[in-house]
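Next come two complexes built around chain A: one with chain B, the other with chain C.
Presenting the complex of A and B:
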């Protein structure tokens, strides 16, 4: 790296740190101005961003497909709900939710990652249906269609996250942490190996990339992200039921990643924001909202097939004349 | 002189790759039909043959891209039959492709670094070791050599075909393999560049004592540079020998040179 390049890089890093810090402060302040319902939506959005980052890793970086993101969310959510109802601390149940989803991801991924593309999609859809049926039918454990009610919100020592505002702040911290972890992961050699698999599987294997292991860890980490996101849902709503983890929700995640821009670091943030906030905004159009939402989604996918986050690149190039620096390897 | 020659002979006699009775069948079509061959350490072996004679299939079977139907492949007396491509790369066999195989949406530097990163260390080290300055230096050295270092931040898909070919070659060479398989390195490359590639390959064989198997259609160049040539025809070995022997082999002339 030449001195000029390293200086530029330093400036860029300083600038990004400032940007991220101010972004964090803004996100911290936002909930103070929101009402009861919109704080809910805000927290919900942050939780979904975590799960979408997981799918973006699987789909956007490692080039595999998973339509079971909702199922893994369900696993995480029910682990937290059941354990906290049994009076275990949230701080034990929550990491367990991530860990169990990771393990189930490995167990599901081990046989199913032998197949690719739509075959893998079918396998994961099947898995989502199985989990949904289990949640519906194992009434003694999951409460069946009625779900689990009166789930408490966590406390940490003398800090209580009982109020909507404090819980929103807790979720904000956790989701930013997860985003930073993803940023780290994508900037390691693993991140590069994932991309190599996506770009050219044959070449990747011929330069020594162990396809099986890398695909498996990408799938399992992506699933763990969904589990962690799921673990935050029960304390947010206070109850959970199987319909929150239906197959269609997995499809929503696919839409979020595609609209945001798969394989782009800020993609999930934009994608989740568009898919969740747009219908909320379109409520004013009453019955027409779904129609308008669908049309907008189609237009976005047709006009910017690389996702909404590619608009950032285009704008950057228009204003500075330079290529937007890549955030990951 | 005599001592040197004897030393050289001893060195040359050491087999790096041994292929015995290799068969490959695609849905009844016999692409390779009982190939037997040895590759000696430090030699530049040329493989020639008409289109569809099984040259690329042979490389694909050696590097584990296709599982072979029958037969065995040994690398330094180790049976590597049925190994997957990544393990074969890690043992020291690298290759280029007839159609360039690169990572199109990654920058040139990342293409080279990616080809280097898996050659040492384990999975966990690859997760926690973030500093790559040494690897970067090595990769930049390779890019400098290939004269594409000014394009290091460009996405590989934006390169010209010749440049992509060089990148593909760089990816095969960066991890210092002991056996390099080159599948038509000169196809689609202009004359000057082709000459440079050839010079580079010769230098490589001499300097690093690495072994090269090269597939190429340009008979003149092959007869010039190779120490030994194998001619394939319809999945079988038609002839094998020094360039002078190949040149005068009647069967070869009939099958390959078309006269």
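Presenting the complex of A and C:
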């Protein structure tokens, strides 16, 4: 890193600490002004952002394609739903949701990442189909097509997250923690290796980076993020059913990360916001919006690989006259 | 029982082979992995339906129109507008773009109808009894038709000059270029052949399962798996893999459970990746060169 770069970076860190703090305050206040439905959308958005961060790690940093983000969300959601229905505390079930998704990610990723082909994409498609079938068919455990109903919201000591507002705040805290954790991970030695892998795979391997285990752990962490996101869905809706975790939802996540800008730290937030909020604002039907977003995604791949994140670059340059520095070292 | 299952497995398996062969041809000639492969079949089925059911053209005319439209859109336009621009950006970009295309095709078809559609068939429904096994006319017809298409394709690749040129490009692009073969033209030909194969797969598969906007997801997945199991870099691998998946499917449905045939297929795919990553009938040399 050159001295100029490091000065830029320091400025950026101060600037972004302030920015993040004000963002947090704004996000904390927003739900007070929302009605019943929009509080749901707000919370749902935050949950999707967690899962999208997971996919961004897999897609943007490890360079692998996972099409099972919805399936891992399903694993997390059903773990939380089933355990809380059995009167286990949410605070036990929720970490287990992430842990189980991580372990399943390791098992699923191990063979596919053994070969240097894009087999992970194909294997994860099949995996999502199978998880959906299991959720539909194993009625004794999953409730089949009707799913699981009357799932309670968590309480912590004397704090209850029963109301929509307090639950939105809980999800806000958790999603911010997950985003900071991702930021931290990408700035560790482990995370910085990805930059090297992206620049030159062969060189990275020569200096002793074990590509396979890096990609495998990245895939498992990305899947765990989906599991954690999924674990927040049952208390949000109060019920869950298999169609929430259909294969198409995994496609949606891919579109979100692509449109937001893969491998860019702010990408998932932008991508999820655009793909979820735009149709809500424009009031267009689901088919039409998927049609529009798939066309946008193709255009993004062809013309602007950085996606909506390039808007951030342009805005930053207009304000400061400087190039937007990388958020990871 | 077993005989009936084998015929049933061959009938569905050979259709997966048809789709997988196009998939493998695109990979060999241009390193394109087409995740919308199954949706190409769905798109072809609905082009056919528009011509046959909406405009009431006769079957044969509809088929010819479908072949022309599919060759143009799923072959020419797909290659020129999408693959050509993205291929240099890397394999990852082409995969993401074809996944987006798969969504695009599915959600376009929903505008025609979100319900499954009856599809015209050349053969009337019914069964025939041979060796105590009830075989459906459709299955037998499909097997014969698919074999004819595969034989014609092989004759084209082995015997004609242009087919040999295409095979040369599939085996080694650089050498083919030095030999004076017009490589871009041959790659375009591969895309058009892929579109034509999708149309034939569509008219064979749709009368059995009915045409629906998302019919491509399951078909495409089986075609990928056929290519992985059989071997990605050889047409014969796609043929073998498709048939194997057909048999695995009917055997698990017949003897274990219909619900989890997909899970059994996935386990076998994973086993192949672990034990013989180049596929059962793929070649290792070309494999390592691709990496």
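Quick note on the criterion: the second predicted complex is superposed on the first by the 289 of 329 C-alpha atoms of A that agree within 3 Å, B and C clash if a C-alpha of one lies under 4 Å from a C-alpha of the other, contacts with A are read in each partner's own complex, and residues count from 1 in each chain.
Assume contacts are C-beta pairs under 8 Å (C-beta built on N, C-alpha and C of every residue); 3 or more make two chains touch, one makes a residue touch a chain.
Being a predicted model, the structure only gives us computed values, none of them experimental.
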| item | value |
| --- | --- |
| Partner chain in contact with A:50 - chain B first, chain C second, else both or neither | neither |
| Touched partner set for A:200, first chain B, second chain C, both or neither | first |
| Which superposed partner A:192 touches (first chain B, second chain C, both, neither) | first |
| Which of chain B and chain C A:208 touches, first, second, both or neither | first |
| Touching partner for A:290 - first (chain B), second (chain C), both, neither | second |
| Chain B and chain C contact sites that coincide on chain A, given as residue numbers | none |
| Chain A residues touching chain C - in the complex, by the definition given at the top | 63, 65, 67, 111-112, 114-119, 121-123, 125-127, 129-130, 133, 137, 247-248, 251, 254-255, 258, 287-288, 290-291, 293-295, 297-298, 301-302, 305 |
| Touch list for chain B against partner chain A, complex | 63, 65, 84-86, 89-90, 94-95, 97, 101-107, 110, 113-115, 117-119, 123, 126-130, 132, 136, 153, 171, 175 |
| Touching residues (chain side chain C, partner chain A) in the complex | 33, 35, 82, 85-86, 89, 91-93, 95-97, 99-104, 107-108, 110-111, 114, 217-218, 221, 224-225, 228, 232, 259-260, 262-263, 265-266, 269-270, 273-274, 277, 291 |
| Of chain A, residues touching chain B in the complex | 1, 185, 187-190, 192-193, 195-196, 199-200, 202-211, 213, 217, 263, 323, 326, 329 |
